[in-house]
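What follows is a pair of complexes built around chain A, which joins chain B in one and chain C in the other.
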Partner chain A sequence: MLGRILAIATNTFREAIRNKILYILLAFAMVLIIFSIVMSALSIGQDEKIIKDVGLFAITFFGVLIAIMVGIGLIYNELDKRTIYVIVSKPLHRYEFVLGKFFGLVMTILVNVGIMSAVYLALLAVKGYSIPFVLIEAILMTVMELVVVTALATLFSSFSTPILSAVYTFMLYIAGKLTDDLIRFASQMMTEKAYDPVTVADKLMAKTAISISWILPQLEKFNIRNQAVNGIPITDSLMMNTLYGLLYTGCILFIASVCFSKRNFK
Partner chain B sequence: MNLKYRNAIILTVIFVLLAGVTHQVHKKIRGDVKDVPPPRDVLYLPKGDYVKVVAMGFDSMWADVLWLRTLQYFGGHFMGDKEYPIMDRMLEVITTLEPRFPDAYSFGGMVLQEEMKQRDKAVSLLKKGIDKNPDNWRLAYELGFLWFEEARQTQDTTKKKYATQQAIDAYAIATTRPDCPEYVGRIINQMYYEGGEKDVAVQLWTLTKEEAEKKGDKFTAQIAEDKLLLFKFKEVAEPLQKAVIKYYEKYKKIPPSLQELVSKGLINSVPKDPLTGEPFGYDKKNGRVFSKLKPQFSSI
Partner chain C sequence: MDVIRIEGLSKYYRHQLTGRKIHALEGLNLNVGQGETFGFLGPNGAGKTTTIKLLLGLLFPSSGKAWLFDKPYTDIRVKQDIGFLPENPYFYDYLKGEEILYFIGKLYGMNSVDLKKRIDYLLENVGLSQARHLPLHKYSKGMLQRIGLAQAVIHKPKLVILDEPLTGLDPIGRKEIRDFIFTLKDEGSTIFFSTHILSDAEMICDRVAILMKGKLAKTGKMTELLSPKVKTYEIVAANLTEEGKRALKQVSTRFVDEGTQVAASIEDESKVQTVMELIQKDKARLISLIPQRESLEEIFIQEVKGK
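Up next is the complex of A and B:
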C-alpha cells in the first residue's frame, strides 16, 4: 500500500514541478522577500521587524496560493487527460490514489517552502539579524497550516471542477482564519450585559456559531508569526496544535477518499 | 451481511472515531468558550483617508466590518474600564469610508457626549453627518438635542445662551430636511417662547427612547430610560434634599432622619420615592437622599 501511495505521490510531485504557475508564484515570493530590504530601508529603526514580517507573510501567502492553485487541478487534470481510466483500472485502491495525490502536493509545498525559507533565513543571516528558534517554529507551523489547506484542496478536487475547488478552498481558508472571531462572537453573545440581556435568539445564534466553529479548521492555531517576530511568549502547546492539524487533515482526507470512491468514471 | 453494507459500516465507524479524536484534541486546545477573552483590542487605527487607500474600493464593506468592531470595542470597554481611547478615531474612519452611515453618527454622537463627555468631538461628528447626509433630518435633530442638554446642564448664563442658540439652529436645519416630523418645529417654539426647559427635556428623551426601541438600539434606549427616571426622581427628591441642607445650615448637623425635617417644620411630610413607591434611601453620614432603585442618581 505504502509503495503504491509513494509511487502516485512521486508522480504527482514530478508533475507539479513542471507546472509553470508554481515557478511564477515562487518567483513572486522571492521578489517580495528580497524587496523587503527596500521596504526596511524606508522605515526608521524597524528594518529587522519589517524584513521578518514580510518574509513570513510571503512564505504563508504564496504557500497558500501554491496549495490552492496546484491542488485544485490534482484530480481534474487526470480526468481531463483521461489518464484516470488507466489509473483506476490498475490494482490500486481509490483512497491510495487520493492519498498519493495529497502527499505529492505536500512534497511540492515542502520543497517550495524550503526554498523560500532558505532565501529568507539567508537574507536574515546576511543582514546580521538574529534567527531565534521560534522563527523556525513559525515556519513549521505555517507548513502545518499549508498541509490543512492542501487537504481541503484535495477534498474539493475529488468531486468538483478546478475553478469551483479554488473558490471553495479559498473561502474555507478565509473562514478558518476567522474561526477565532466566530468563537469570540459566540462568547460575547452569551455574556449577560446590563443593558442587553441574553435572549433565546442570542443563545441560538451563539450555539449555531459554536457548532460551525467545530467544523471549520481553526487555522489561527497555526499562526505564531507575530509572536515569533516580536518575541512574545507562545502560550499555546504547539504539539497539541500540530496534532489537531494532523487529525483534521486525516478527517478531510477520509472524506475526500470516500467522495472519490463514489465517483463513477464512464 | 452484504459486503457493501459491511464496508459502509466500517468506514462510518472509522470516520466517527477519527472525528471524535479530532474533536477531543480541538476541545483541549480551544478551552471553554466562556473563557475566551474579549475581542482583541484595537490599539491603533490610521486616519480615514489612509484607510480609504488600502480599502481598494471596498470602502462600504470595510466600514461595515469596522462598525461591527466598534460596537464590540465599545461593549467590551463599557463593561470593563470605561475607557475608549480610540473610539473617536474608529468613528472618524467609518464615516470617512462610508459618509452615508447615519447610525454611526447617531450612536457615535451619543457615546461621545454621554459616555465619554467629549462634547466637541460629538458636535464635529454630527456636523459631518449633517453635511454628508443632506436628506437626513435626524442628525440635525440629534445635534440640537445635544446642545439643548448642554444648555440645560450648565449654570453659566453666557454658555447657556450660546448652547440654546446652537440647539435652535440645529433644530432649524432639521426642519428644512425632508420627512422632518412636525414636533421638531414645536420644540423650537417651546425653547424660544415658553422656556419650559424640563418639559422639553422630558419630551426629547421620551422621543429618543421610543426611536431607540424601534431601532433596537438598547444602549441609547437605556440612557434615555435612565434620564426619564432621573427627572421623575429629581422632581420629588430635590425639595427634600434642599430641606436637608437647610436643616444643616440651621442646626450645624446632619438630620438623623428625614422625619426630623417634619418635626422641625421644614417640610409637611416625607414624600415617597416615585421610582419605587417606597420611602427614599437616606445616608445619615452625609445627608444624601437617594433612590433604592437607582442609588447613583443625585438629586442636586
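Up next is the complex of A and C:
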C-alpha cells in the first residue's frame, strides 16, 4: 500500500515541479521577500519588524497560492485527460490514489516553503537580525495551515472543476480565517448584551454559529506570525493546534476518498 | 477455470439533458478461457468500451456480476494479473517514455532491478528504444499506442485487455502491433481485445463475440463463423485487348474497365481456368487473383441488418 501511495506521490510531485506556474509564484515570493528591504528603508526605526513581517507574509501568501493553484487541478486533470483509466485499472484502492495525490502536493509545498524560508532566514542573517525559535515555529505552523488548505483543494478537486475548486477552496480559506471572530462573536452573544436580556433566539443563533465553526477549518489556530514578529507570548498550545490540524486534514481526506471511491469514470 | 466470466452484466447511462436511460450494455453473458485470444467486436457505440471499463472497475454496473480468474472482479488483487491498454491511451505527457513504464511498474509493486531490465526489454520490443528519453507529449499516436502496450504488459500479466489496439495506426504500425500480440499469445497470455475492424480480428482471434447495441449478437470460434468456401474470385489484369475485355465481361458478375487495367469478379470456380487461358492468349498481364471467402465483415453486416 505504502509503495503505491509513494509511487503516486512522487509522480504528482514530478508533475508539479514541471509546472511553470510554480516557478512564477516562487519567483514572486522571492521578489517580495527581498523587496521588504526597500520597504523597511522607507519606515523609521521599524526595519527589523517590517522585514520579518513581510517575509512571513510572503511565505504564507504564496504558500496558499501554490496549494490552491496546483491543488485544484490535481485530481480533476486526471479525469479530464483520462490518465485516470490507466491508474484505476491497477491493483490499487482508490483511497490510495487520493492519498498519493495529497502527499505529492504536500511534498511540493514543503519544498517550496523550504526554499522561501531559506531565502527569508538568510536575509535575516545577512541583516544581522535575531532569529528566535518562535520564528521557526511560526513557519512550521504555517506549513500546517497549508496542509489543511491542500487537503481542501484535494477534496474539491475530487468532484469539481478547477475553477470551482479554486473558488470553494478560497472561500473556505477566508471563512477559516474568520472562524475565530465568529466564535468570539457567538460566545459574546450568549453571555452579554448591551441592553436587552439574552433571548432563546440569541442562544440558538450562537449555538448554530459555533456548530458552523466546528465544520470550518479554524485556520487562525495556525497563525502565530504576529506573536513571533512582535515577541508577544503565545497562549495557545501549539501541540493541541497541530493535533487539530492533523485531525481536520484526516477527516477531509476521508471524505475525499469516499467521494472518489463512488465515482464512475465515463 | 475461466479467465473472464460475465453474467447478466448491464449498464445504463442517463442522458445529460433529458435524463432518459441509455442502455449501453444489457444482460451480457460471456466466458473467456485460459490462453484464448478473444475478439470483442461491434460497431461504434455497441458497448465494448463500457464492458471493459466495468470489468476493470472504472464504472460500476447497473446490474450483473463478473469474475476474473474465478474471483469477484471487485477484488483488487485480481488486477495484479491483468494488463490494460485503454482506447486512445492518454498518459502523463510530462513524463518520458521510460518514466511512465517505471511508474506503472511501481504501481504493480515491482522491484526496481527487475523493472529496469523489463523496461529495456519492452522498449526494444515495441521499437521505442530511441524515444525512451523523449517526453510523451512529443510522441506520435502510434508511439503512444506502443508505449501503451508496453505498460500493459510490464508485469507479465496473465490476462491482457486491449481496447482498440490497432485503431488509428498505419499499415506498418498495425503489423508491428499484431506481431506483438502474437508474441503475447505465444507466451501463453489470455488476450481480450475489442475492435470494430474485422480483418484484424480475423487475423488474430481464436474466438469472437459480436456485440450490437449493448446486446450479445453472436459468439463462436473463428473457424465456425467463417465458412471455408470461396465465394468469389477477384481478378485484376492489365493490357487486355478489346476482344479479351468483352470475353471477360461475359463470364464475370462484376466488371470494371479502367483502360489499361480491368477488375472482375467471378463466382464460378470452373470459369477461373477459362479466364486464365484468355489472359494468356491475349498476352495480357495478370496482376492479382484473390479468392474471397465469406468474411466476418459480411456476418457483421448481416447481423446489423437483422436487428
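Quick notes on this structure:
In this section, the second predicted complex is superposed on the first by the 263 of 266 C-alpha atoms of A that agree within 3 Å, B and C clash if a C-alpha of one lies under 4 Å from a C-alpha of the other, contacts with A are read in each partner's own complex, and residues count from 1 in each chain.
Operating definition for what follows: contacts are C-beta pairs under 8 Å (C-beta built on N, C-alpha and C of every residue); 3 or more make two chains touch, one makes a residue touch a chain.
What you see is a predicted model; the values in this text were computed from it and never measured.
The superposition on chain A brings chain B alongside chain C with room for both.
In the superposed model, A:210 lies in contact with chain B only, and not with chain C. In the superposed model, A:258 makes contact with chain B only, not with chain C.
Of the two partner chains placed by the overlay, only chain B lies in contact with A:247; chain C stays clear of it. Vertex at the C-alpha centre of chain A, arms toward the centres of chain B and chain C: the angle is 140 degrees, rounded to a multiple of 10. Residue contacts after overlaying the shared chain place A:82 against chain C, while chain B stays out of touching range. In the superposed model, A:235 lies in contact with neither chain B nor chain C. Of the two partner chains, chain C is the only one that A:93 touches; chain B does not reach it. Contacts of A:184 after superposition on the shared chain: chain B is touched, whereas chain C is not. Between chain B and chain C, the shortest distance over C-alpha atoms in the superposed arrangement works out to 11 Å. Taken in their complex, chain A has these residues touching chain B: 181, 183-184, 186-188, 190-191, 193-196, 210, 214, 218, 221, 236-237, 240-241, 243-244, 247-248, 250-251, 254-255, 258.
Contacts from chain B toward chain A in the complex involve residues 11, 14-15, 18-19, 21-23, 25-26, 28-30, 33-34, 36-39, 72, 75, 79, 218-219, 221-222. Residue ranges on chain A touching chain C, taken from their complex, read 3-4, 6-8, 11, 14-15, 18, 81-93, 262, 264-266.
On the chain C side of its complex with chain A, the touching residues are 13, 53, 56-60, 76-80, 82, 84, 86, 88-95, 99, 103-104, 106-109, 151.
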